[in-house]
Every structure is written in structure tokens, then in C-alpha cells.
Amino acid sequence: DALADITKRGTINIAVPQDFPPFGSVGTDMKPVGYDVDMAALIASKLGVKLELVPVTSANRIPYLQTNKVDLVISSLGKNPDREKVIDFSTAYAPFFNGVFAPADLAVAKAEDLKGLTVGVTRGAVEDLELTKIAPEGTDIKRYEDNNGTISAFLSGQVKAIATGNVVAAAIIARKPPKRPEIKFLIKNSPCFVGLNKNEPALLEKLNAIIADAKKSGELNAIAQKWLGSDLPADI
Amino acid sequence: MGYHFEFGWIAEYWPVLLKGVGITLQLIAIGALFGVALGGACAWVRALGPAWLRPVVATYVEMIRNTPFLIQLFFVFFGLPSLGVQMSELQAANLAMIINLGAYSCEIIRAGIQATPKGQFEAGASLGMSRFQTFWYVVLIPSLQRIWPALSSQIVIVMLGSAAVSQIAAEDLTFAANFIQSRNFRAFEAYAVSTAIYLLLAILLRQVLRGVGFTLFPRRAAR
Amino acid sequence: MIQFSTWDIVSNLLLAARWTVVLSLVSFIGGGIVGLLVLFARIGKFAGLRRAAKVYIEVFQGTPLLMQLFLAFFGLGLFGINVPAWLAAGFALTLWTAAFLAEIWRGCVEAIAKGQWEASSSLGMGYMQQMRWVVLPQALKIAVPPTVGFSVQVVKGTALTSIIGFVELSKAGTMVTNATFQPFTVYGFVALIYFALCWPLSKSSQILERKLNVAHRNH
Amino acid sequence: MSLIEITEVRKSFGSNEVLKGINIDVNSGEVIAIIGKSGSGKSTLLRCINGLETINAGTIAVAGAQLLPDDLHLKALRLKVGMIFQGFNLFPHLTAGKNVMLSQMVVKKVKKDAAEAMARRQLDRVGLLHKFDAYPDELSGGQQQRVAIARALAMEPIALLCDEITSALDPELVQEVLAVVKELASEGMTLLMVTHEMRFARDVCSRVVFMHQGRVHEIGPPGEVFASPRTPELQQFLGMQAA
Amino acid sequence: MSLIEITEVRKSFGSNEVLKGINIDVNSGEVIAIIGKSGSGKSTLLRCINGLETINAGTIAVAGAQLLPDDLHLKALRLKVGMIFQGFNLFPHLTAGKNVMLSQMVVKKVKKDAAEAMARRQLDRVGLLHKFDAYPDELSGGQQQRVAIARALAMEPIALLCDEITSALDPELVQEVLAVVKELASEGMTLLMVTHEMRFARDVCSRVVFMHQGRVHEIGPPGEVFASPRTPELQQFLGMQAA
């Protein structure tokens, strides 16, 4: 039983991203910071255990979990049926407004308009799963290893548009680049979930309780305010 | 622990894998062909070419050999557009591999040229051939033959190194593995399958290169 | 968003480069020792060992190092063997390095002329004595330049350890880029640091090689 | 007028003066043997005549044209003077026939058919027409050397330089190569050859040049030179050869 | 009893039978020259006697002990019979002195002092004591070959096998090596040597073996063999050598 193990150990190991701002990136001291990191801290404190952060990438976050090197993955995970066969998900802990962004002069208003366009996206991220679902036949989706790849590809003109989180796009615009990624349409507000190993009902239940409490107490909202600059939406 | 391996996904994703294998093969075919040609030209410059060109080639070779392929790839794909050179991720991957293999094969081929017995150059000269004619008709083939095993190994190394192109969204074998595991979270299975395919490709590639060697070089090289 | 000054970038990269150096040293030394064992198996008298060494080399030279690292760390984890990341990285890099060094060295041993073997046999020396006193001392000398040359590949190979959570130079580069969105500055510095680490190695390999060729004296 | 005029030729490697003022005039149709101890400068002299080394002083003229070290003159010279080496230097990746054809096609721009016809003629001349399609490593040393001769002949030179062309051969193969050379001599080819085969030099050559420490020490018809060597150096050299 | 008894020895490489039943008895103190065309099996015979090749049939016995192909017997044999090669094969990373000392110390476990004393003695014997500390690449070919002889002698063999030990040497260096061999012969060393030096064979050897196509074709004292060869093959071979 994972929960018992964690309590006995007195520490919880949590996988967080460091290549996906604002959910996880590094500060000048190379320590992870971001929404997911604060969420991890919240969970650890609620469990009353010490927190060990393990920075992961999209390639190795699940193996970390499956080999028990971490207890939880808080890495802005999106859910799909295939994934649910392999790991369990908590209730949603964060919103993720993602949309398609492109320079002002590109005429795109809905998914169908993407036909024939090259669209960059971060492989395996929530927006990848969503975009893949809605993009019409003939859309050229380029899937980059991490956010950095997606953004560089957009800025260097390798892709015409990107699908990403609105907070990410805002961060790019804040740097006044020559190409401004402006919102064309929202794909979906697809929430993020905490991932954990299968067959750990105690841990899952505890986790969901913590998330529900945090929502109620406003702690989660504070995190959202801090990193996303907006309140949690009602459906979370 | 009882991890339950599950390979059922192959049925659904084999087109992705197949495409990945195809792209990896295409990358290495083009990379090897033009990379070795570039390397041969550079080797000629370094061993026999005009003096003013030698430092240029030497700088190129040193820069490539002493920095990781991934960084080179990033500069080609993300950097060249700022100079107005746009290319697709496949073109960029091809170009980066050609540049990379070009530098390595330059050094390898140069060693082969320098191991050519002096008598071969002199025989060419005393028959009235120019320096370039001697190089082209007399020295090159036996030199290539001498270093063919080393060159083959380098080509295999570059093929395995081509995994890095998945980072610029080129949909090679590694991309396929990553793509699949990002959908179904079956990382072990995806990586195990791709590793096995890589091993197979490496063995196959080595055999192909051996065959190419046999047809290209019917005879023992002069030592 | 957090602001990185140029100094923050460089100092973080340099700090991470320490790992690159440590990993390189560990895998080079470990790879050297294991490589020697593989070499002996590969050229030794026992057909079984020879074949095993050949398969070993084929597998480690025929698969991407990235996958080897992944399987060493997570694959062992699957079987409940929980090795720390540094051990897995050292382990995989060592095995990988050993496969290449063994092949490089085999070439050097085979470059020792047949006459040396025959002369020493006809003086009554046994296999081990020939190896110890006649072949290895000569092979060692011609092996130095390609061995030093290969160390460059080891340094660059350590970049892949990020798959198992190591924050070495390349990984630090990616992390900083993801925080700063300045790929050119960051990767420019990363390339420079790699060059500073590797170039002295490849240069000294070339110098050693030239020395051996010019004064083709073996002492 | 002499075919090859060598006048006061000097050649140094660094501070080591290897040729110290050489004078030899070779007439058309002459067969000249150059003998002398190792290091006396025999190879260097031949290499200078062929332009493989540039001389420091003096002049070399072939068929009236002076040897100048630019590419155009060198090429013209090399079309007139062929050279054969101790080490054969056949091109290992080409068959015997292709070895003979290559320089004709590349240098003289001869068409493939004509080059092949010439190659067959010359290989026939050295008795190796049946080896047209054999690769060098399928030939014995003697056969390889004969192909090298055919290759030089195919360029239709007016003189041939031979540098110890039999000394890398097993004793039983020496004769087949010397027989070819003898044949060439009897056909009137001008030959300058460095050789250790004293018997051959005596039988075939019109003059013998004995080199010693970078100088032409004695020169004359083989009868004279071998029968009554004038200097102690030559006496000693001949004694050693006979021992 | 003969020192070396070679009885009906056969050796094949694949389907190529190189030795077709060789019989030679060598007495202690004899000097035997083996002559014959290239490929006639001369080297292979010597290599079989030294155990570098394993024989397919027949027996070889040295000083009464039969040659068996296991490590222990081979080592014992090689302590009795030394071998010197055309290519010298000195160990390039060791000085002349160390070359001579190494096998004594490693194989015979002789102490360093004793090995060095022996090395000095043997190098002195071949006239190279002053080169004790020179590396092989600082020596001429003739000197290298003399060191190789000293190295073999230092193991105190009862017989020496020499395979064309002068044929990689320049003509003027041949004599210095042959002089050493002559010296050894006069001291009573048993010698089996493949050679192309007919004059030397005639002057120094007690018997000459002419090999032809893997067989001992003629055998006898040099006077007989050279003066009146009985078979056309030997006549032809000698004719060629003299030409």
C-alpha cells in the first residue's frame, strides 16, 4: 500500500516537469518552480511528509512512476482511455486553457481552418491529445520534444501556428518577439490530473480528498492566481 | 514487482513504427551518401588541396567533432531560418547529419589517403597525371577501401545518433517510440521495441555496407 | 516569469558541466577496465568467450546509448532492483564505453605483425607471456591516440544521461532555455563549454598520433 | 645531339648534398646501367630526370627541351620519359589492362577503344596478353613488373628510366623481367637503368655509369669498366658484388 | 643417432598438399642448405620442425624426443631449436640487449644479471656488443639480423633454423650476416638454412637439399649437387640462379 509506505518513510517523491512553464520550469538556482511544484508541496504538507521533487521529462515521467521511483506524477497530465489502462488519475487539480495561436495576419478561426497548415505542439502534452482529436485531415502537426522546441519552431517560422496553453502564449508575448502568437480559437479547457500507480485505492482516495479540500479552502485558487493569473474555473 | 508487459498496441501503432523506420533509413541513406562525399572532398583538401582552404576545413571539422550532434541540429533547424534559410525538419535533419558525418569521414578518409604508399603518387605523376587526376583515379578508391571498416562503423554510429532528430519533430524511429508512449504510457514496451529495431537496423546496415565494400573494391588495397 | 541574467545562465551551465566531467571520468575509467576484460575475451583462446564478447560488442554498439541508459535505470527498476541514478548512469556508460574501447584495442593488437607472434613463439614463450611482454607493450602505444580520441565521444555521450534524471550540461541547457526562451544564447554557451572540454582531448589525440607517425620509433 | 643531356646537376636534401655535379649525355638508342653503393644517389638521379625531384643547380634536357619544374613542362617531359620503380606500383583496384589504359585515357585523352587496343599490344609485347583482366594481386611479382613496363610503354615514351626493377623479385622471376628489358633494348629503346644485375649490365648495356658519393666516378663501356676498373672504389664495389 | 629426424612428413593447407612425405636426417654439427623454387615448401618445412605449423602425417624428432603439438612439448622443443626469420622480427619496443634478455628471463626464468651477461656474450659473438642499448630502428638491417641471431643463440639451442635470413637485406649487408653464420658453423652448431646464396651454400654447407613440389628432389654434398645435378629440375633451377 503506497500511502502506508509514504507515511512510514516520512517523505513523498513527486515527479514534476521542468520544461513546461508555468507548470514547471527552473529558477535561477535550478530548483523547479511552478504550478505543479506548488501542488506537490501542498500535497506533501497535507500528508505531513517531507517532499522530494524529481524533475522529469515527458519521455520518462511514467517509467519513474511505474518503477516506484516516484509516488506521484504531477506533470500537467491529461487523461485518455489508453493512459487510464496504465495508471490511475486523481480528480482534476488544474485547468489548462489551450488554444491555437498564430500571428495576427494568419486567417484561422476554427479547427477546420487548420487544414494545410503546419501546427507545432509539445509531444504528449494535453494540447497534443486535444489538437490531434480536432484537427482536420490534412493538418500538418509537428510534435516537438518540449515546450522550448515548440516555441523555437514558432519563432523561427518553422511552423505557422502552435497549439499551447494561453499562459504559455502570454509568456512569449511578454518578451516582445517579432512574431506574436495571438489566440485564434480555444481548443478546450482540458484539466490536468495527478497520476499514480494502479491499485492504490487508499492513496487515490486521500489524494482526491486533499484536492477537494484545497479547492474548498481556496488554497488551490491561490496557486492558480499565482501561476495562471486567473481564478480556477467553476468546472474544476 | 509484477509489471505487466503489454504489446497489444503494436497492432494499432505499427504504421507509426513503420514510418519511423522508413524515415530513419531515409535519413541514414542520404546522410551517408552525401556525408561521405563531403568527407571525401574535405579529406582531399586537408591532405592534398590548396593551402588556403585547409584551415577552413580544419575549423569545420574541429567544430563538429567537438560539439554534440543535438546542438548542431538545433543550430541548423532553429538558427538558419534567422539567416533566411527555411527548411523542413527532414531537410534540416538530413543537412545536420551530412555536416556531422562529413566532418568525421573527413578525418577517416584523410587517414586512408595518408596511408597510401608514396609509390602510388609517384607512379601517377611519372605517367603524366596531374595531382588531382592521380588522387581521383589512383588514390581515392584504395584509400576508401583501406578505411572502409572504420567508415562503416562511423555510419552506424551516426545512424544510432540520428535518434536526436526526433527533438525537432522529424518523425523517425525514436519519434515513433516517444509518440506511442506519450499516447498510451507504455514506455518500456515502446523503447524495448525501438531498441530491438535499432539493433536490427545496425546489423543490417553493417551487412549492407560490407556488401557495398565488396562491390566497390574488388581488390586488396596497396599498403 | 523568472529573469535569468547572462551570468545566471553561464554559472548554472558550468555547475552542471561538473556532472559532465565526473560522468565522463567514471565511464572512461570503468569502460577502460571492463573494455580490457572484453578485449581478452574477444581475442582469447576460448571460443565461447570470444562469441560472447562479440555479441556484447554488437549489442552495445548496435543500439542507441539513450535506450541503454533507459533500460539500465528503469529496466532494472522493473525487476525491483532499485539502483540510484548515478550508479545506473555509470554502469550503462561504462558498458557502452567498454564495447567501443575493446574494439579499438582489438584493432591495435591485430596490428602487431604476425612475425612478432612467431618470433616470440619460436623463443618458447607461451600465449600469456607473448601478450604480456611482446604484444601488449607495442599495442598499448598505438592504442593511445584512438583511445584519447574516443574519450571525446564519451564526454558527448554523457549528455544522454538526462533521460534518467541527470542534470548535466545538455540537460541544464534545456532547462534554462525552457525558463528563459533564449535558445541561442543558452545553446551557444553549451556548445562552447562542450568544445572547451572536448577540443583539448581531440587535439592531444592528434598530436600523439603525429608523434607516433613521425618518430615511428616504438619507445 | 644527345637525347638526354644531364649537365652539372646538383641536388641536396636539406644540408645533405646527394648529387654533386652530375654530367651524363645519353644518345638515342643507348642502354645505360647505373651502378653504385646504396646511398650513392642513383635513385635520386633518375628521379631528377623524371622531375619527381627538383634539382638545385645544373640543367637536364630531354630531346632538346629543357626540364622546367612547372606543371606544363613536367607533363610534357613525362610523356617523353617513362619510369618504372622497384616496387611496381601497379594500381591495385584496376586490372592489368585497365592499369595500362588509365593514363592514356586520362592524360592523353585517348578514346577507350584505342587505349584498349594499345594496352593489348603492350601487354602482348611483355608476354601478358592473357592476363588482361587479372588484378595485380593475382599476378606474380615478375608479372606485375612486366605490366608496369607495359604501362610505361603505352605512353610511347622515347626513353625509359628503370630503378632497380628486379630487386624486389624472387631470383627465379628476375629473368623474365630482364628478358623483356633486353627485348626493348634490341628494339632500340633508350634505357637508363639502376641495377644490381652485373651480368645483365655486362651483356646488354652500351655504357656503365659507376656512381660514388654523389658523383659519376667512372663511366665507360661495360667491357672496360668491369674488366679493368680504374679506381679502388669501383674495384671494391665489384668485389663485394661478386663475393 | 641423428640430431633431427624428419620421417615421412606431410603437410597440407586445405586441399593443397605442400609437403608430400619428407625424409631428412640431420646429424649433430651438420650445416644443411635447403634450396628450391618459390612455393616448393622450404619455409613450411622449417616451420614444421619448429612447431609453428602442425604436421598432418609423419614424425619429427629432435635429439630423440618426438615433436608433439601440445604446449609443454612445443616449449621443450623450442628451447632446443632456435629459428631466425627473413624479417628479423626484433621486438621494436626493446633495446638490442633487452631483446636478447627477454626470453631467457621469461621462458627460462634466468635471473636478470645472468641474462644480461649472456646477452652481452652473444651480442659480442655477433660483433654488436656496442649496440647493447640501441633500439632496433637505430640499427641497419644486417645489424638487426645479427641481433636476431644473438637472441636465438642466447637460448642455447642445439640447432638453428634459418629461413632466408639474408634475402631482406641490401647486397652489401648480406656478407656481414653470412660471416656470422659461417662462424657458427665452424664452431660446430647444427644449422638448417633455406638460402638463395648458392656460393655460400657451396662453401659452407655439408649437405644441400633441393626441394621441388613438396618433395626432397635431390640431396647430397654441395660438390656433387652443384657440379653434377642429376635431375633436369635441379639443372634448370641452378641455371636460373646463375643467369
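A, B, C, D and E are the chain letters, set down in written order, and residue numbers restart from 1 in every chain.
The rule is short, and it goes like this: contacts are C-beta pairs under 8 Å (C-beta built on N, C-alpha and C of every residue); 3 or more make two chains touch, one makes a residue touch a chain.
Chain identities (UniProt): B, C = Amino acid ABC transporter permease; D, E = Amino acid ABC transporter ATP-binding protein.
Just so we're clear, the structure is a prediction, and the values are computed from it rather than from any experiment.
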Fewest hops from chain A to chain B - one hop per pair of touching chains: 1
Partner chains shared by chain D and chain E (touch criterion as defined above): none
Distance from the mean Cα position of chain E to that of chain C, given in whole angstrom: 46
Averaged-CA centre spacing for the pair chain D and chain B, given as whole angstrom: 45
Centre-of-Cα separation between chain D and chain A, whole angstrom: 82
Rounded Å distance between chain C and chain D, as computed from the means of their C-alpha atoms: 52
Multi-chain contact sites of chain B, meaning residues that touch two or more partners: 1, 3, 74, 78-79, 187-188
Set of chain E residues in contact with two or more other chains: none
In chain A, residues with contacts to at least two other chains: 59-60, 63, 66-68, 152
Pairs of chains, among all present, that meet the touch criterion: A-B, A-C, B-C, B-D, C-E, D-E
Chain C residues within the chain A interface of the complex: 1-5, 8, 12, 15-16, 70, 74, 77-78, 82, 162-165, 167, 172, 174-179, 181, 183
Of chain A, residues touching chain C in the complex: 18-22, 25-28, 30, 33, 54-57, 59-60, 63-64, 66-69, 146-148, 151-152, 171-172, 174-175
In the complex with chain B, residue positions of chain C that touch it: 58-59, 61-67, 70-71, 74-75, 78-80, 103, 152, 156, 159, 170, 183-184, 187, 190-191, 194-195, 198-199, 202
Of chain E, residues touching chain C in the complex: 50-52, 71, 75, 78-79, 82-83, 85, 87, 89-94, 102-103, 106-108, 135, 137, 148, 151-152, 155
Touching residues (chain side chain C, partner chain E) in the complex: 113, 115-116, 118-126, 129, 133-134, 137-138, 141, 216-219
